[in-house]
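As structure tokens, here come the structures.
Same chain, two partners: subunit A is paired with subunit B first, then with subunit C.
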Partner chain A sequence: MVQFVEKSGRLVCVFGGRMDTVTSTEMEDEVCKQAQGTTLPVAFDLEGVDYVTSMFLRVCMRVVKDVGKERFSIIHVHPAVKKVFKIAGFDREMNIE
Partner chain B sequence: MSHMEDVDIEKTMAKAARAAAIFSQLDQEHTDRIVRAVYEAGFKNRVRLAKMAHEETGIGKWQDKVLKNVIATQLVYEDIKDEKTVGIISEDRQRGIVEIAQPLGPIFAIIPVTNPTSTTLFKILISLKTRNPLIIRPHRNAAGCSSETARICYEAALKEDAPEDCIQWVGEMSRAQTQSMMGHKHLALVLATGGPGLVQAAYSSGTPAIGVGAGNVPVFIDKSADIPFAVEQILLSKTFDNGTVCASEQALVVEQSIASDVVAAMQAQKAYFLSAEESARLEPVVFDRDKGNMMASIVGKSAVEIAGRANIEVPEDTRLLVTPQTGVGDAYPLSSEILAPVLAFYKADNFTHAVNLCIDLNFHGGIGHTASIYANDEDVIRQFALLMNAGRIVVNTPSSQGGVGGIFNTLRPSFTLGCGTGGKNITTDNITAKHLLNIQRIARRRVNDRFVRFDSRLYFDESLDAGAIEGLFNRNL
Partner chain C sequence: MPERLELSATPEALRQVKQWLQELKGRYALPDIIVGELNVILEELVMNIIKHAKPTPPSLGPIPVRIEADLSDRRVMVRVMDESLPFDPLSRPKPNLSLDLNDRPIGGLGIHLVRELSDRFQYSYEQGWNVSLIEKTMHQENRE
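Now for the complex of A and B:
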């Protein structure tokens, strides 16, 4: 569901599959705990993600709030998911690489 | 005389209202005769008006403006001439629905400086075809050629016994006068082709408005494309009238694996690739960072002239300035819309990266407008199209001419391109005559037998859910 690895000086949260409501809810606290527990920048790696729900967007917002916009980024996003972030206006709230 | 130096809004609107009243009596045959006469007059003057537009505005190329006038007359006329726009236009006996076309009433048409004669011709033809009187408001830098276009059309219309004042054109108007005109109680529609401020004002006027959105057109060349063909078409499009068409390409995205082939093909077509240092010198010449948009002074200028203003030495036969970029957004001004022969260029790592770049470009000021792709792989074309937010996704087609329609595809020829809600417009359609009609529907009694047979008391039984009701409602007796 989600793996945490330190890579290139940042905490990378690697997600996989569909980030539906159930999945996002289950991993929300763990992801937030990991993000709060590090001084490193945090990146969500969405290479393996092809679908997100509003619950996953909520997790992104929580982490941005916790660690700050400058320390958070979304990487390896698929075009279909990128479009979701664009439509939601999240590209103004967070760094999407 | 319909030309007013000092615009008297009440008088203008009173004349327009009278013209609308007379217009409402015309039948299809008479309407079509007027449209034919106006088309012929506009077509006859296509070269003179194009030269006038070029001389007055200093924008674009007169030869390309001739072609624009041809599209606005010949192709638009061909497209609308057989359309039923008067009285009963369709009858469905089975459904009991009869559709009646009624005119909207007076239309206020705002004309842009980039297409001052072609947009005037286009708006006049679609308005007359739908029996709507038109008040033309030219751009202040193109008042002469737009007014002359309107005058030619008006004279031709009168010869076919069109209503007096069916076409009016006004002199320079203050912002307050324009707003007053747009909000006038007798005005039916604002047909606003112009900058975002003007379109916003039209929407805020309280009068129904059809506007346009800004463009920032990405063009993607896929690995499956015919590269020399794609490059030739892009150059044809981006240099057309020196890049003044809002559907023209603004940024070219290619995968790394074919980048060198694309660059070579572009250089063979007289495209000049700027160095990073030259791009930095170009930026303040073509983009106003304070205002956040392109410099009006370079709109429709040639590549050589723009390069000269930026002190960049280019060969005399340079057709296009290409500026390699690494990002999209406010921090990268050359990733924005520039209506001139200046094209941003991106190398992407792979298809996913390329499409992500196109999404970024599309959302950076061009939502709902146009996107372009060159590919011979249907899956790639579909994936790309599904991910763009664009009213027109043109395939293997120069996007300037492709977006306008009628030459390289069967989109309806138009000089007002709807951009959907993303561009703050009501439609993504190419605007044409059908958008200027009120459609009335006669609805004959055709009883829904299932509803009549159904025991309506069951609706009050709260224990029955939608599935249960549907089962009973649709049961064959």
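Now for the complex of A and C:
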């Protein structure tokens, strides 16, 4: 569901599968706890994710507010997920690679 | 004859919606992109019902939910209905996307996603049921 690895000087949260309401709710607190517990930049790796709902957007927002948008990035984004981020206005404010 | 799914407003409904859409995908050869976006739309609407709908007295819940889909090769029309007190999802304020991320509230994007992923989104209250009508057109890029 989500794994945490330190790579290239940042904490990478590697997500896998559908980030639907139930899954996102289950992991929200753990992801935020990991992000709060590091001084490294935080990246969400979404290579294995092709489905997100507003609950996953909520997780992104919480982490951005915890670590600051300068220290947060999202990598390997599937086109369908990128469309949702764009609708949410994340593409202008977040570092999406 | 529309396709129909009967549910109760509980988190289990989300899994049933996903399974139902997979069945429709197989039956109507729907493109992955349409199925994925319909899943987001239905998940957000059902979650909205779970979180905000209030049972019509004397009922105590769970609230009955019915989803009907009318599919053709040019468009998908979906009606999401719940038997509860009137609640218009379109009355929820639109998020201000121009704010700095630090000033934006956490959450409140579900109905915004439904609006933007749909080609039409209408609400009505009919004989004790809230009805959200969603239309998605099969654009050329969606058929591929």
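Methods note: the second predicted complex is superposed on the first by the 97 of 97 C-alpha atoms of A that agree within 3 Å, B and C clash if a C-alpha of one lies under 4 Å from a C-alpha of the other, contacts with A are read in each partner's own complex, and residues count from 1 in each chain.
Just so we're on the same page, contacts are C-beta pairs under 8 Å (C-beta built on N, C-alpha and C of every residue); 3 or more make two chains touch, one makes a residue touch a chain.
Fair warning: this is a prediction, and the values are worked out from it, not measured in the lab.
Student: With the two complexes superposed on chain A, say which partner A:36 touches: subunit B (first), subunit C (second), both, or neither.
Tutor: neither
Student: Who touches more of subunit A, subunit B or subunit C?
Tutor: For subunit A, the partner with the higher number of touched residues is C.
Student: After lining up the shared chain so the two structures overlap, which partner does A:3 touch, if you call subunit B first and subunit C second: first, second, both or neither?
Tutor: After superposing on A, A:3 lies clear of both subunit B and subunit C.
Student: Based on the superposed arrangement, let me know which partner A:84 touches: subunit B (first), subunit C (second), both, or neither?
Tutor: After superposing on A, A:84 lies in contact with subunit C but is clear of subunit B.
Student: Looking at A:57, would you say it contacts subunit B, subunit C, both, or neither? Reply first, second, both or neither.
Tutor: The second partner, subunit C, only.
Student: Which parts of subunit A are touched by subunit B and by subunit C alike?
Tutor: Common to the two interfaces on subunit A: residues 80, 87.
Student: Spell out the residues on subunit A that touch subunit C in their complex, using ranges where they run on.
Tutor: Its residues touching subunit C are 20-22, 50-55, 57-58, 61-62, 64-65, 68-69, 80, 84, 87-89, 92-94.
Student: Under the definition above, what is the set of subunit A residues touching subunit B in their complex?
Tutor: Of all residues in subunit A, those touching subunit B are 77-80, 82-83, 86-87, 91.
Student: Give every residue of subunit B touching subunit A within the complex, in rising order.
Tutor: Listed in rising order, the residues are 352, 355-356, 359-360, 363, 383, 387, 389.
Student: Okay, in this complex, where on subunit C does subunit A touch?
Tutor: Per the stated touch rule, the residues are 11, 14-15, 18, 33, 36-37, 39-40, 43-44, 47, 95, 97-98, 100-102, 104, 106-107, 109-110, 112-113, 116-117.
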